[in-house]
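Some notes on the structure that comes next.
As written, the chain order gives the labels A, B, C and D, with residue 1 at the start of each chain.
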């Protein structure tokens, strides 16, 4: 159970939504619209996203959450005999309770390097598959899944994305990017891949709402039409079709008005930078060091025990019998005062 | 696309949410909580629902939408070799794009009588299965699905529910009720089955939010604990776990404070009664006549064509080459003035 | 458990295989071949079947059994959002333990008329789907499944097959025929649809071995290449790939040498005709009367009880509290003396 | 296509069946029995296997092939939210075209050590899962899959099996052994785990027929009853139920008469030993060295190219640009003269 007296740095989904979103929901509350995303708010939100992505032909769908979006998009893009290539640390491989396999597809893993898939490793896997005389007995690699930022808070550079995209296009398989925390990537000064780059290089990606200031909602973008035929029905079949499609769409309308989505992650990045600096100053080990809103820090069990009395962090993984990695996450709503308190406690 | 100048009677999900819900979302917006439904709002909402259902041991989970809820609950309750008994007109059989089958289960259909499954027909099916020497080659009937109100707006009486429950308990299979529009049943004077009755007679049911005044959300109730082991993980695997669980929970908190859920359907029922009376007075055929917020009326194509210039209704099914059944749905938010305009147009 | 002293008329899979098949298995036993159907026997069997079907481009695969074949072919031909149209009495709907749904697809049923799907009913279903404004929320009809002979022993005429094929081709969906007992259709004088007709009119069908004289095995025929891309891998994924592909192939080699498959059903048809005539003479009700090797006869429980002491029949379905329909099946191996004994017992 | 003039050492499924099996199929050919494994031959074969396994209560089912058996048993033993632990080199992970995932389950991999899962690694995985605060978001490890011999021809010792079994029993999850080539393990002098040991230590295993002298067929053994409720229907749903169950059963009757199954692998082991010795004498690298009927040898591409003109081997995996690992497999039917020819060619 949650406890008011504590500091919350466990995740980036601990608050409601950006105040402008709630305002807009109030303003539009009694306007009548049809359902299932065929309303004017949905269409307007799509138009704003197309513009932000410089992808005038993009097909855009609004779903509720991340695992749902990954399972639905991956199922829509794969043929039944294909699997999806992912870093072993990828969210679909580790923390989605087998949702991809429940849809009948194998997650084919490659070792993550700094949280990322390397284009060369993907190419090598594809080559080995093509060269395997027994490949007809194996799961065919049918798409590539990445996330930006990655599961461990690192970023793909534009060059890395271009390389992955080139590998996929040569192999004629789609590249899909999970952007659950995309606003935090876009807010980083280290980031050199914008939305138009993702639209140009990926065959599908989603722009995260839930962790980036919305009550809930993810916007799936297929930059080129007809990438996923019958996607509406596939979404319905996956239980992912919102009856009141406007509820997600209105939130994206707000996020893509006046460039809010480009800005909303900045306070989180600034807060994370302050915490990171403090941790380093105090001699904590960052594993690895990341530029985004997630910090992974190694803590002795004694220290984490003491901290847990006043701060909620997120357990990540055990290192040895006496220490573990913990995640500190900031968000668009992290208050400066909370950062100060956290730093003083460390 | 939606059009402001029109009247909307197409469905009960054409507006946002009850104003008290938006207010509460605003009030609580910056309170920090943990995710995934383990927060205090979720726990409080559960407590309120347990009380309303007179089911102090009930396990309660908040999901986003109806198809998702049906697919997840049915998958959780059935064994892999079992199917779900449903009226042929049931939502899971007709309008969920095969979501149940996508989960690996057959929908075993029985003819609906006035939109309803009859206990006697269920018993006969179970008996025939038990008596079938080849039953090991067949899908075993593993649970019964009903909805209250039904897909065609009719209501199960308390007696009918008791009979269905008795049949299921003798056969040791669960009875599950889809309550997407449950508030409209509870608001009907004809209704004699309250929430405690559902909790007593069903093994699982869901209390609809999306169509009953929430932005989105359905509350799954297992009146007796351990009905669906590992349900949390099953929800996650189905992509149905809300990261910000509070978003749905806060809405149910409001709906179950001061008996709002018992009242919220009443304006819809009153509006439907006025429209129904007007239709009958003007000689339209109701097929069938229903006591809830959905009216099914037969219209000549000429009439429906004329109406469509100023009213949005929902096409239901063709009757013959010149006429069809259309659905008129009212909601908690239907305005009296709109009802007046509709009646004058008929 | 089986009992030697009894007569067996329960099914057409009560014996081993045609003696020529066992002979050929012995002759070839120590010849080495590669596995998985890439051996010379498989290739030769395919060549013989292509010739018999007048389908020189046909792709042919050998699988072990009927349910497996139906599940694999249907999964290969449907897209994930599609279902298969079938008579409600179809084997895939009634007696395959939900194998189609386990693969994620809904069986869309139409009422059987004399065991058969009518082209007009299929057309009407497709038209209604196309006209349904809500069709994106529904399972799309993606193929048509029939069996020849049907589940109840009746036959499609060439004209009926041509009509079904025409409906499917206009709708651009495949027509698939389950030929578990195809040899018995081909042996009937009433039959006017040969293998080349099936190859011309269907997009896929299978030639039954298990019930037509083989130890086991079914030959899937795709008359036109590339109908089911990656079918080999799909077969493997369904657990339906025979390591010793030759075991099934050699049996089909024998069945398609010197026209054996065209002849093998004839003794069964002759035996069934004698039994049918006797039943009618003695006043039994045939429900319905069928031209193939399966006879469905209504028996008082007293009579069936008495018979069961010396004959093994197959229970079909209860008619009322005192009588039921039983199936009498003959096979390629039915002995004249057994027919005589059965008739004397009736 | 196969070619008579060549030597075949590619696999252990290149011939038909042990001659006694064909003889017995001939002898019993015209005896009538009921279908689906309820016949007297099936019951007798079960009785013989129960005796050989010292497991008088064992439930035994006959299926057609290995991938099918693995997919069916694993699906029957896992709950929907569970996955199966396997060595990364396990057949279910690498060479079954995703059959396990097609059934909705994740294969959870651990690194193979000498082809084997280590009990300590399994324990560590189970411990880490239990200790993981986020485990409800993850696939639960629900059973352990091993094969004996392993995919790379190595053997679990009795001690290793006992350790794995102890780990599983403490965790209350089943241990399942894939015995596709079990006869070759049983024929090894190095092997110290007999059938009664497997029956005592495993919750399910299968005794391979296809690769051990049968035309086809695998015998699934559940040493304790009620391990997999409704298994018959699950088998049917997986398309794995043989209509003529006797076809597989009669083969196991022969294999378990007079201890044939214990002896049938011996010529293969002797032949493999001779080849292995020759390879070592001539300086070839065995990777790894194995005691069973599969030899994995590293060959320069030049050598393998030359050999391929007269011998059919099985490509295993590339080592570098100039060499690869090839599999040489012997079988119950390998002729001494062929071994001599192979050795002279090396």
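Please note the rule applied: contacts are C-beta pairs under 8 Å (C-beta built on N, C-alpha and C of every residue); 3 or more make two chains touch, one makes a residue touch a chain.
Keep in mind it's a predicted model, so treat the numbers as computed, not measured.
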| item | value |
| --- | --- |
| Intersection of the contact lists for subunit A and subunit D | B, C |
| Result of counting contacting C-beta pairs for A-C and C-D, higher pair | C-D |
| Chain whose Cα centroid lies at the greatest distance from that of subunit D | B |
| Distance between the centres, which are taken as Cα means, of subunit D and subunit C, whole angstrom | 32 |
| Whole-Å separation of chain centres (CA-atom averages), subunit B against subunit C | 41 |
| Rounded Å distance, subunit A centre to subunit C centre (Cα mean) | 50 |
| Where subunit C touches two or more other chains, by residue | 80-81, 96-98, 102, 104, 136-138, 233-234, 236-237 |
| Interface residues, subunit C side, partner subunit B - complex | 80-81, 83, 94-98, 101-107, 128, 131, 133-134, 136-139, 315, 318 |
| Subunit B residues touching subunit D - in the complex, by the definition given at the top | 75-76, 79-81, 104, 136-138, 140, 230, 232-234, 236-237 |
| Of subunit C, residues touching subunit D in the complex | 1-2, 4, 6, 8, 10-11, 13-17, 19, 22, 25-26, 28-35, 38-40, 43, 64-72, 96-99, 102, 210-211, 215-216, 233-234, 236-244, 246-247, 312, 333 |
